Amino acid sequence: MSKESIKRIKNRIYVIIFKSNTRKGKLFDVALLLVILVNLLAVMFDSVEYYHDYYGTVLRIVEWVITGLFIIEYFFRIWVLNRKAKYIFSFYGIVYLLAILPSFIGLFIAGTHLLVVIITLRLLRIFSIFQMNNYTRQGNILIRSLLSSWSKISVFLLSVIAVITVLGTLMYLIEGAENGFSNIPISIYWTIVTITTVGYGDISPVTPMGQIIASITMMLCYAIIAVPTGIITAEALNQNKGNIACPRCRTENEKESNYCKKCGEKIIG
Amino acid sequence: MSKESIKRIKNRIYVIIFKSNTRKGKLFDVALLLVILVNLLAVMFDSVEYYHDYYGTVLRIVEWVITGLFIIEYFFRIWVLNRKAKYIFSFYGIVYLLAILPSFIGLFIAGTHLLVVIITLRLLRIFSIFQMNNYTRQGNILIRSLLSSWSKISVFLLSVIAVITVLGTLMYLIEGAENGFSNIPISIYWTIVTITTVGYGDISPVTPMGQIIASITMMLCYAIIAVPTGIITAEALNQNKGNIACPRCRTENEKESNYCKKCGEKIIG
Amino acid sequence: MSKESIKRIKNRIYVIIFKSNTRKGKLFDVALLLVILVNLLAVMFDSVEYYHDYYGTVLRIVEWVITGLFIIEYFFRIWVLNRKAKYIFSFYGIVYLLAILPSFIGLFIAGTHLLVVIITLRLLRIFSIFQMNNYTRQGNILIRSLLSSWSKISVFLLSVIAVITVLGTLMYLIEGAENGFSNIPISIYWTIVTITTVGYGDISPVTPMGQIIASITMMLCYAIIAVPTGIITAEALNQNKGNIACPRCRTENEKESNYCKKCGEKIIG
Amino acid sequence: MSKESIKRIKNRIYVIIFKSNTRKGKLFDVALLLVILVNLLAVMFDSVEYYHDYYGTVLRIVEWVITGLFIIEYFFRIWVLNRKAKYIFSFYGIVYLLAILPSFIGLFIAGTHLLVVIITLRLLRIFSIFQMNNYTRQGNILIRSLLSSWSKISVFLLSVIAVITVLGTLMYLIEGAENGFSNIPISIYWTIVTITTVGYGDISPVTPMGQIIASITMMLCYAIIAVPTGIITAEALNQNKGNIACPRCRTENEKESNYCKKCGEKIIG
């Protein structure tokens, strides 16, 4: 095969893998997405006893085949690029490599302790697919909203943690171990479950005094829960206007600003 | 009967059925609404064992009578119109026909598997009544709000699903089958129940490590829940101003715009 | 006693009872508030078996004394006014009379079925005290916010009710009576408990299919719950600006407007 | 040691303790923060039976050592200042003293009833560290938001309390003691648990009538929960603009205003 034809093939594969705005590139992305979803489903179903017992072999073959596909894809990715080293050590280069390794190891060593790593890396792969689309911009706005509200939110969280700690200790003293509030950490866990309105009901106040304090807590958090919402909404509105608040001094700056016009703080854009 | 008098009757019925802004048309709409509500209540009560056993015959007669009324109404609807075929195959024409068929079939074949279809179609009929009123405009604003925030919300949902999957897997590894986290899908179900603050309490963390991770999750979702609220509020504010954000580039456009003034994207109005 | 001195006494009592902006009037209001609160607490504690058994007589005497005070106050209210009939048949005149009657009847006839009436009327009395303060204005803004968002909220509620009905029926068919979803009304109750994120856990899905549908429901309501918040926030912002949206056509009108400048609809101010 | 060298040492310690913007001052703050966190963790773990039984001695030694450090730090704080009396009786001076006393007493008298006091004082110490940083400004904005919405929120809370009381009484009459609604206070506790969407499930309606009323309650609170969010968001938006609403008459004032331009009310800045 002539060097010319190899170069042509390389170029064609390059377009398929890296150019997501072409028809073939899109097809490749969709196929990759489906493979990863099948992979994730296989991992999940393997954790269900019934499927593990009856379809365990099938699920393991699926795992094998997909790991194989990932390895082939990874080598093609490297092969078609000129600046190989740079790509291998880039963020997504490492994610792609790591996405292969755990299931590779998992094929030889039994155990479930790698599951979280596998699933996280697979999900990162999914995000890397969407990275190439215009969805990213919306994500950036969201992250920017959260970042520029961060100093407000951190004060809020610190205060909430303080309130939770005091309330947890109070409930521990009032209710005591015989009503499920066995120790302060458990009491704090209960307070968090209550104040976030999750309310499992695995622990709940029994004494009248405990119920009164629980009631006051819930009523208060009724107003408190509105605070972060208000902060982020105000931020989202600014984003819509195209303004961005300075993370340090909260001065509103124009859309394209890189530094705050008042205090010179770098603005994350 | 002369052709003339038939035409007069036809016209009178047409006004009653189709002209909801006349007095008679309104009365017909209200009567129809009541019949459908009685119908829905009959279907619901029939599912309660006590009523099924003691009033089963009455409920079945109600069903018979109402199905009869629907058939009569459907034939009148077709009869008074000139362009019959067009109406029969229109969206509501099909809904009206389908609204009759299932209860018709249900009269001969026993079974509850058609219930969802029946109830959905009956509810669609109710919506078709309100369709004719000025409520629709408000509904449109709501739908427009949701649509124009869709790209933001989809990024948000994707991220939330990723977080839920990772957290679910983590809790499965930490808590394990002996504490109710039998497999990854169940763990993900628990994570969703927790992160949406529903908190049934059918499954809840028991190990200290599980409770710490659950606590962090709940605290985080405290801030996360504010995100969609902020997005939709910002959108609702724009709607109030009469502005509408471009679904692609988020530029604010005037009330009557059909295409974005910046990027030319079609705006859903 | 001269007619003159009676008139002076009358006037003095009038000031105490009706002029809440004087020092004596304020003291009277506070005293009245305390008496009503003691009354409410007495009614509540009487429902607790322990207090009913051991302090029943004390609580009944408190009830007697307070009813006596209310009767005396009512007669003084009437006595000092010139236009007695008008006051007796005004809204608060009737509330004051009704606030006495039930406990009066309750002294002779045993039974708890009047409790809700008693408590509601006592609370209305508390509101009548605050009515005279500048708190009312804030309450009016709130009510105006809710009223002027009403058409939006009603469309929203109608859609939510439709979704709840369909989901309830679906879960009834999927889960069935053996998992607690005994009939459609109970299923709808479960759907409401879930979609409002209350989540008692008295009924919860057991089958995988039911858990999947429950999960989707909860995720959806995550976005849905943001809708009324957004609507009311947008309304509250308009109120702050002093603008008020027309309840019919949503045009923003100036602060003091009584009729919409566009469609002439009466604006509730 | 010459008087000169003592003064130099005094000055050096003064910088370390009080000047948090110097490198040494920052290190001291971080060290103090860590000591308090270790202290808090020791108190919490001591409440867990397992740690109390096996590591009780270690935890008590940690408590001893840290109390010792606090005493030394307190004396240094007083020693280096010129105006000692003023500092001792200042807010944080008293907090620092009180932060030592309870654990000092706790060393001699056994018992857990001082726990809440200890933890609250320790948390106040943590806040006093952050007091010196620019976080305070954000906290002030939050507090200002809440304060200037207070009159709106208080009307809202009063109405909610009234609704809760009436609903609680109603549910007590409908469900009765045999379904867990033993008395009115317990019923009100259940109503609060429901209306705040916590939903423990320790008490839940059983009768059809009770479930219908519970459903309506939850649906209503769906809209109600949006009210405080809307109020605080509107306030937060004003804060962002730099405007601040007058706590009395709600007129918007410029950023640096100390008194309302309309009614002259003092503005909390």
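For reference, chains read A, B, C and D in written order, and residue numbers begin at 1 within each chain.
What we mean here is this: a contact is a pair of C-beta atoms (placed from the backbone, for glycine too) under 8 Å apart; a residue touches a chain by one contact, two chains touch by 3 or more.
Just so we're clear, the structure is a prediction, and the values are computed from it rather than from any experiment.
Is the C-beta contact count larger for B-C or for B-D?
If we tally the C-beta pairs in contact for B-C and B-D, the bigger total goes to B-C.
Could you work out how far chain A has to rotate to sit on chain D, using CA atoms and steps of 5 degrees?
The superposition gives an angle of 90 degrees.
For the homomeric pair chain C and chain D, should the interface be classed as same or different, according to whether the shared residue numbers exceed half of all numbers used?
Since fewer than half of the residue numbers are used by both chains, the interface counts as different.
Kindly point out which of B-D, A-D or A-C repeats the A-B interface, defined as over half of the contact pairs being the same residue numbers.
Selected pair, repeating A-B: A-D.
Chain B to chain C: how many Å between their CA centres?
30
Cα centroid separation between chain B and chain D, in whole Å?
The separation of the two C-alpha centroids amounts to 43 Å.
Residues of chain A that touch two or more other chains: which are they?
Residues 185, 188, 197-201, 225, 229, 231, 233-234, 237.
Show which residues of chain B lie in contact with chain C when the two form their complex.
40, 43-45, 47-49, 112-113, 115-116, 119-120, 123, 126-127, 130, 135, 138-139, 141-142, 145-146, 153, 157, 160, 185-186, 188-189, 192-193, 196-202, 225, 228-229, 231-237, 239-240
Along chain A, where are the residues that touch chain C in the complex?
Residue list for chain A touching chain C: 197-201, 229, 233.
Quick check: in the complex, which residue numbers of chain B touch chain A?
It is residues 151-152, 154-156, 158-159, 162, 165-166, 169-170, 172-173, 177, 182-185, 188, 194, 197-201, 204, 208, 211-212, 214-215, 218-219, 221-223, 225-227, 229-231, 233-234, 237-238, 245, 248, 250, 252 of chain B that touch chain A.
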